[in-house]
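Shared chain: chain A. Partners: chain B in the first complex, chain C in the second.
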Partner chain A sequence: MASDFTQQIRQKAIELLENGTVECVIGYETGSDGIGARPAFIYDAAEADRLVFDNTCTHNLVKYLLNKKGKSTAVVVKGCDSRALNLLLNEKQIERDKAFVIGVVCPGIVEWGWNKRSQRLQKRCDWCRQHTPVVSDFMVGDPVTEQPPAAFADIVEAEAKTAEERASFWQQHAERCIRCYACRQACPGCYCTDCFAESLDPEWVGIRIAPAESQMWNTIRAFHLAGRCISCNECERVCPVKLPLSLLNRKLEQKVLELFDYKAGMSEDAPAPLITFKKDEKLGIAE
Partner chain B sequence: MTKTLSKNELESWLANILKERTLVAPRRVDDLTLFLPVHSTDEIAFDCSNTDLSPKDWFFPRTEALFTAEHKDDDIEITPAVIEQETVIFGIRPCDAKGIAILDGPYLGDPADSLWAQHRAKTTMIGLSCSTPAPQCFCTSMGGAPYDSSSVDILLTEVDDGYAVETVTEKGETLIQGVELKESDVSGSVPSCDAQVPAEGIAEAVKKAFDDPYWGRLADRCLHCNMCAYVCPTCYCFDIRDRTEGGKIERLRTWESCQSKGFTKIAGGHDPRADKGSRLRQRFCHKLLYFPEQFGPLGCVGCGRCVVSCPVNIDIREIISDIQELGAKVGEGSN
Partner chain C sequence: MSENSAPLIIGFLCNWCSYAGADMAGTSRAAYPSNIRILRVPCSGRVDPMLIVKCFQEGADAVLIAGCHPGDCHYNEGNYYGRRRFALLKELLDFMGVERERFRIEWVSASEGKRFSKIVTEFTNEITSMGPRKAG
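And then the complex of A and B:
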């Protein structure tokens, strides 16, 4: 018997496809190992029974809306994912009236990988303060009261290190990076048609898959997400060599909150501070 | 009679090897297991399953200079790259070794790739049979076996009190010279890899399913990162670019993948594989149709790395099954 969340999502999908509100429902289905979820694209109401929702539904499906421009599409979002919708709406990448948002009050996602599943929640779910989607057209589950912001012990620990220790920490990780760009491809905030990392002229980052270039790549990507990262942590999850990318993202998130009192993706009409300019804005950080 | 080596004898043999050569073996780094140079046998993860990245880095490095060029007396001096270091890879699995061996097809054909040839000549592979194949493994379906010695120089198979040793090539003979092997009547349990992937006749099925909307639907899910290609022991595409530093030019070759946007973009901006579906199809057509047509074996050895690593579960085993079904349907339709 499918869970209540799964049932509600399936029913809504059938309704939306049958009445022609959308041409595709992007949700989750069970993957090839029979254990974990994977993204599913449902075009036909008869296939809606493939849809599931459980605590392995980790992927941020908002990313896929970028491939569905101009097409009416329904998407299943958790709390964190929903912030990506606002990010893309703020940045005029998607149209609100083309997206039907099936919001799911997130029960928390467990650590899992292909053919293995633990009962432990993912790290990002410990930090998460957005279980209830901030935008939805149909809500699955009852909204919950969110906890106060989490303290990031690993950032405190990283900052307690000397500059040399930190440099060596990142150097060691950069040696592992294979520049497969999975972090970028999974990230809803990375949608440039021509990414700086692959630009030939100017060549911002050299072609080598080597520590210097990898550090450059990961650092610039993190900066491009300053005030834009919505903490879904998909970049870190998909990394095949397990780079601790969210250390950078969360540090920048903290900084943006402190400097601009801003959290990405919380509303549809509040673009990121670093891509806006106000006439009376103070210029320069050192005053 | 089987020739055997105890665990201690193996370790002292490896310790001797690393005095003279670079010894590359599976090593644990944080939560990963990777083929890396080791400085002492203590660093070797003897009990690991398939490493997270394939050992192809040691034959086809992620980045490698083909040659360097610099100005010398009003002329340009070009220095081709030369591989001098002798390397021994310990603990390579039969599937990974086969992945390297089948790349001799594209890389040693005429004209041979000089760097590939040098890496092959300078590297000796001590293989390790898989006593417990991982759940994602499907080597037997792709023409391999957990104890296949055909692509290594020496194959070790775990037995009760050490390892059974099979010396396969002359290079292997040379490496093991001087090591005293015991004669024993033990035989290693013959491991099996139970996964059944219907790869028989897959090339024909891929041809039939070439124009099926299947690929487009599958590409809906694919993120089009390069991960599957980079973890794969048999993906061998590369990009080439020059890099200048201090008046010296290096012509670099780096890993590249047919999944990345612009991989086939040509001068003038045209891209014959601009849509995601045809990019994804290319990966499977290359492995299951073009590679066997050109070089004989399938371009997949069943190591299962892409199955485990793919963040959105693009599973080659499932795709092979689907394509067989689609191919069969097309076959029926044409009759």
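And then the complex of A and C:
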């Protein structure tokens, strides 16, 4: 199946580059260890045979479209990535007619690292209810029937602790955070040119090495993605100290679904929950 | 806050209703504890979640946000946006170990001086009995 996907993506890439529909195809190629995939930028039809698709194609390539503003670009997206595309379209960060979307019905992505590949699916693939891309111009693979919404078992478990335990849990993780901001760099929703993390006046996140500063960063990063996170979980994957960032994102995802009946990235034009309101809604505060 | 000292509460009060309400509490001689440090903001919708997280990060024991009643916003809809944001932030803070009782949102109009004093008194008593914040 995977080799079939690869063939279809290559063929489409050649076609798009030769007839001039796009000037670049962003896809995956096999990395230098011969196992894991890495992002590939193909500008020439003759190079299209570098493109591959297999179960190590983990990156969310939609992020790269932000650097291709105004240029016609084709991008390979999985189900989760396609939600990121909708998010960016919704927020008017990219133009729909400049992006050619090669959607791949995702078979699930495995855990892998340098020179090794396991057969175990990534955590996000267990939660995933969007294997078929929600937006595409050309679909690779047959759309699948999605399962009913995932339970938030990990959130329920974390909530069962006392407030003190929760505070010390996050405190311990904050102590490990080195504030490299890899989570931000990988996130398709983090595209502000002036991030609050680098603001010096006001200095939201101080430069001293202290858990409090890291906690400020992690809390606000999560909150800035409230109602926007599309659960690709790239932040957690790229984290060098493996902070459980998905807990924060999924907690907010759960609440947004519960309070506002909203799931990010499912459509291009539904207004995000925090930029709209209903006058008579009951949100459980000050009532 | 150390074990024996009084709790520190930061209050963000909207200029048009709640700040005037606090003023009313003063002019009508309604007493309330001095644990609350009041910050005047143009609208409850102006209170950036980052400000609230920063308060807790810098050692506040509790945060109160007071704004115009829904429908009475000076800017028509500021408090509606704020309401959504605070509802979500409350959940996130609770999840990260800041108990939900420590973050309160109230609607106080300019004429509710007595009510403002009652809210602050009750809130201060509640936070005092909860004790200082633990780690985080």
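Basically, the second predicted complex is superposed on the first by the 273 of 287 C-alpha atoms of A that agree within 3 Å, B and C clash if a C-alpha of one lies under 4 Å from a C-alpha of the other, contacts with A are read in each partner's own complex, and residues count from 1 in each chain.
Note that a contact is a pair of C-beta atoms (placed from the backbone, for glycine too) under 8 Å apart; a residue touches a chain by one contact, two chains touch by 3 or more.
Because the structure is a prediction, the values reported are computed rather than measured.
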In the superposed arrangement, does A:146 touch chain B (first), chain C (second), both or neither?
neither
Taking the superposition as given, does A:268 touch the first partner, chain B, the second, chain C, both, or neither?
neither
Who does A:212 touch here: chain B (first), chain C (second), both, or neither?
second
Quick one: is A:238 in contact with chain B, with chain C, with both, or with neither? Answer first, second, both or neither.
first
In the superposed arrangement, which partner chain does A:186 touch: chain B (first), chain C (second), both, or neither?
first
Which of the two partners, first being chain B and second being chain C, lies in contact with A:220: first, second, both, or neither?
second
Which parts of chain A are in contact with chain B and also with chain C?
none
Could you pull out which chain A residues touch chain C in their complex?
158-159, 163-171, 196, 204, 212, 215-216, 219-220, 222-223, 226-227, 247-248, 251-252, 255-256, 259-260, 273-275, 277-279, 281, 283-286
Give every residue of chain B touching chain A within the complex, in rising order.
29-32, 34, 52-53, 62-63, 135-136, 217, 220-221, 223-227, 229-231, 239, 241, 243, 252, 254-255, 257, 260, 262, 276, 307-313, 315, 317-318
Interfacial residue positions of chain C with respect to chain A in the complex:
49-50, 53-54, 57, 70-71, 77, 80-81, 83-99, 104-107, 133-136
In their shared complex, chain B is touched by residues of chain A numbered 31-33, 36, 38-41, 59, 63-64, 67, 113-115, 176, 178-182, 184-186, 198, 200, 206-210, 234, 237-238, 240-242
